[in-house]
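Per-chain numbering from 1; labels A, B, C, D and E assigned in written order.
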């Protein structure tokens, strides 16, 4: 879910859309409760000599912020690389569609060009379905000849087989002497780029941040937040739990966002709008072929420019 | 607005141009007022045991600075990537204009070359209008044949259709046997780059930093600044509000700048000078064709070298 | 070992898989013991004036966190670059296999195409074996003609000689007039990329982070953790050892993970799944040639999409 | 000014060359004076309750260091990108000069090749003059035919017109049937790279870091340094001013260096040695054509290898 | 010197190889002595009111760590970029050697191919000698025809003239009609990359980090370490000097490593193993031509895979 229009600075303080707060609320309430219990048993703590120097919390909190900063930076880079790959997908399919018009200019090729465009669109949807592990059959049937769609059903790496089909389309144009091998090379270069995009997306989806990193930071952040109460209960009064929950909110929310962004192809609120992007690519390719644009079903004012 | 000539270090302390201060002033005055109220009710605060250990503010302030540093870094990268894309736009349109001269050297092609250059200039302006969601009709009418400008009006992805037109121009040159398919490839490569630039700009304009990030940091920065008064009122006297507003100014100003830079194609003071850049590209392409350069309307001494 | 399905936030606190904790446990128990001794001899310490200001630990701990952040960032970059190279390996072998189909379309070339695909698969396995310094003979015998596999045995840079063989395959196609020099160039470009991938992997495997860096941080982290007890024993009671071991856990675990990720081609739990990736490349190349896919032996649900 | 031979660690403490200290000295002395005044009026300050908690300075100083680190990092990236562009300029002009020898091998072309090399050298100097906004007439007259040098005088984007001239040279070689369109493409690719270099340099020179950033950090750093005296005067004695000036020196010097590096094409001590680099490019191109190398006027042992 | 096999975590604490410690030891002993003197004169210090608030050291130490982190990051990037360039050198020379076999397949060309390979090897050694400013005559005589080696002696930019020679070899193959201009282009692209590598190495070797940066941080680190004693002598006893030397060790060692890595082509312990890499490139190129591999003289188990 992408939200464009921002509120004023004041309304933004109470922004709720796309927030990770709902998911964190139970944990933060648990922390609040725990913290009140610590405040309540303060005399008992002092009696049993269980007090912690706040300096060690300052030291460790800042260290944690540094490591969390690293975690966020890596997660955001993955999110942005995923976005770049889908941006490149848009660029290259547009370039290929343009080339099918300007490099194979025959008028009688119009029907075949339509087939080429449909292969490109099917390629985009099959990549989306592979990344989300959803069923691509409906989209394939809509866009491809029945027989070929049937063959695809049984295969594992659909986008790659569609790429082969695109390459065969170009080969046919050469066999029919519509293009020479130099022009074929121009298509090849963009097909290679599409191959790179598929592999790039598979890489991000298939290799998360090393799991020990995630576990280590997750564990440390939560333990730290629960220990905080012990560190500050002696020097602050009944306000302690509220301050601690405020600080904990920032730390655990950042950890939660980093966790969401790590795999940008998911369907969580902050993941990439693959549905809207696929529709947008379909529309721009149709328009390039002077076809009617589909009505947009995923309302996303970003791609309706 | 780009400001080149810097002041001396002393005058720069009072620099006002392009500043985010005017927009922040009301909020900072509110904070000042709030802080004075806290100072005034200090005895009451102590009586009700509502005091906060400054150590927790040190800890959290530094953590916040780290997260804000990350936010700034990401926003600036977006700004700079946007600038790079427009730089690449300049380079590639120049290369294409040069190629239309050196690769299709016929004297009789001068009129067609002018058409090609106008298509390139129209491409630049249509991208600018798309990114700013402004109306491109006036510029299109000025630069394109009337009929084609009329067709474009109804379309959604104007720069892409102009790219197709550029590709068709090259195709015509090949059909007329002015160039062979190798030379066509040389044009194609630069057209592909233009396609990448359009998609890159759309990516930055269309996918902001995940909204939860922005909201989280915005919220935390403001709440933190308002809580600061409670943390230091006990150990500092009447000077508290001024010191706190000074610190708050740095934090909220950085947040505000990051917010402005996030979408570098806007029209806020620190956004990219797309108007001046478009004019500059128009001028350099005209000069390459030995045409008279337009007088510059957007006074920006950077691009008059 | 790649772990995909994450637990709930609560179960994740007790996650054990892929963790570096088992390897660190003896050291952390040693630290716990040491810390208890320090607590026990507290009166003796004060008597001999051996107390350390906690401020200096705050200062140094944060400095250490910054340097550790840098170390982690560099190690992760190496891990991710290694992953990118293997991703590019996937993309380029796919592109080459596709090109062997679409650029040399003769039906009678099917047997030779199979040989080409097998050379590509052998290239992937020989790179894996070189990086892990394991014996590639079994895989080479399985995939290559007996005689050539025998010749390879004696050589040092196997992937490079396989690349030469791929180049000779293309040369033969040209000598037989199946392709012209333009098409040969299309193959050449992807072969050059494979050459870059081999060299890139050798670079990461062969040039670790300068050893003094690793030693310096390793040494400093451990000494720091053992000194921590002296810094906080005065102001905290019997809880000291537990808090210190918690903090030390984060520091030494981060150092240990960074050490593991530094050479991503190893066989430690957090290293890259080269076995699974090699099998996956083999399968996708077989599928491209309409061959039966091998059953997957390395269970890794990432690459079975 | 580039300084190669480093001193011993001890002598380096007193290094003066290329330093920003001379320019900062008056400001630091002003700060020293101000700080002494604060120390002198200490009793008065305490009487009027004007004391500031040092914790707030620790907090803010570290935050400032983080932001300054970001500023430095961005400035250095601009410096290094500028250097990379001039490195690419060296590489590409060398490649073009080599190509004019190996791709157009006719003996009778020697005179024309000299013209080509001179165009390349003129291109380098005209870029240097454009970036520094100095007059290029002398260099143009020295290197170009009189008439063409005269025409250039009136133009705005000189390097771009020289690029066009280089392209026309290649076109002439093709018209004379010395090269075919494939070879022309080889030249074209390097000409496109030169176009990218011109645009890249214009980008760095023309778009500084958003001015508000610079102003904000400049302002905050100086105000912070002047306030520091108030924060530490209570707990430190007459040594305060010296310690504060030492700390302020580091902060303001870093800000000053960042400011210098931001535009690497200037003529300040730490900017790029464009004069030496231009001469070096001229010499290496002359040597490639078996011409006598010019004596070096800008003594810079880096480029005399 | 590259060290591969790591010790156990415990032995690594006492690792000595490649360390910067020997070089730093005298300075650290000086600091220890100085610190003992400060401890000894503690009463005198207090009497003359010369005490410094530890808070200011915390603040400044962390700021310093941030700046040092930046310095390290930049130095390491230069080291790694240098390594990448030499990795690219390996890849491209391998690609060119392979191309001389697969693109110019004539049997009778074997002698000429050997000359080509020797030119490539000579190119690598001449680059190494240029970067280290050592004498390349012995290597040139070993690898090149006597006459040409003699001509090279007098020249300044040897690798560039060897590149020209490689280009002329390709030209000759074309003149003899062994290859067409398309294949020539395939060689040209790799020659352009070699040109980029030469320029890239010259850039790193020729443009250090701006000297003021180095001086500023060097100065600040050392002054800070010597002042530390004053800041903590009041609150810590006779243990002060040891703690301070431990902290100083980390700071000055990091500064020293950064200084070593800044120019990765030197001959200090942590610089790149250019000798071993050159030999390795020679061996892999010989093996590609089915020649006997030289015995390795630089024992470096990294490149003997």
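We take it that contacts are C-beta pairs under 8 Å (C-beta built on N, C-alpha and C of every residue); 3 or more make two chains touch, one makes a residue touch a chain.
These are the chains along with the protein names UniProt gives them: A, B, C, D, E = Bestrophin.
These numbers come from a predicted model, not from an experiment.
**Student:** Could you run down the chains that neighbour chain C and chain E together?
**Tutor:** none
**Student:** Ignoring chain C, what connected groups of chains are left?
**Tutor:** Leave chain C aside; others remain one piece.
**Student:** For chain D versus chain E, which are copies of one sequence, does the interface use mostly the same residue numbers on each side, meaning over half shared, or is it different?
**Tutor:** different
**Student:** Given that chain B is a copy of chain C, what angle of rotation, in degrees and a multiple of 5, matches their CA positions?
**Tutor:** 145
**Student:** Using Cα averages as centroids, what's the distance between chain A and chain B in whole Å?
**Tutor:** The mean C-alpha positions of chain A and chain B differ by 23 Å.
**Student:** Quick check: how many Å separate the C-alpha centres of chain B and chain E?
**Tutor:** Roughly 38 Å, centre to centre.
**Student:** Listing for chain E: what residues touch at least two other chains?
**Tutor:** Those would be 55, 58, 62, 64, 66, 69, 73, 182, 185.
**Student:** Can you name the chains in ring order, beginning at chain A and moving first to chain B?
**Tutor:** Putting chain A first and chain B second, the full ring order comes out as A, B, D, E, C.
**Student:** Enumerate the contact residues on chain B facing chain A in the complex.
**Tutor:** 27, 49-53, 55-56, 58-60, 62-64, 66-67, 69-70, 73-74, 130-131, 133, 155-157, 160-161, 163-164, 167-168, 170-171, 175, 181-182, 184-185, 188, 191-192, 195-196, 198-200, 202-203, 205-216, 218-220, 222-223, 227, 230, 259
**Student:** With touch defined as at the start, can you tell me which chain D residues reach chain E in the complex?
**Tutor:** Going by the criterion above, the answer is residues 2-4, 6, 9, 12-13, 15, 17-20, 54-55, 57-58, 61-62, 64-66, 68-69, 72-73, 76, 79, 83-84, 87-88, 90-92, 94-95, 98-99, 101-103, 105, 179-180, 182-183, 185-186, 190, 232, 235-239, 243, 246-247, 249-251, 253-254, 257, 260-261, 269-270, 272, 283-284, 287-288, 293, 302-305.
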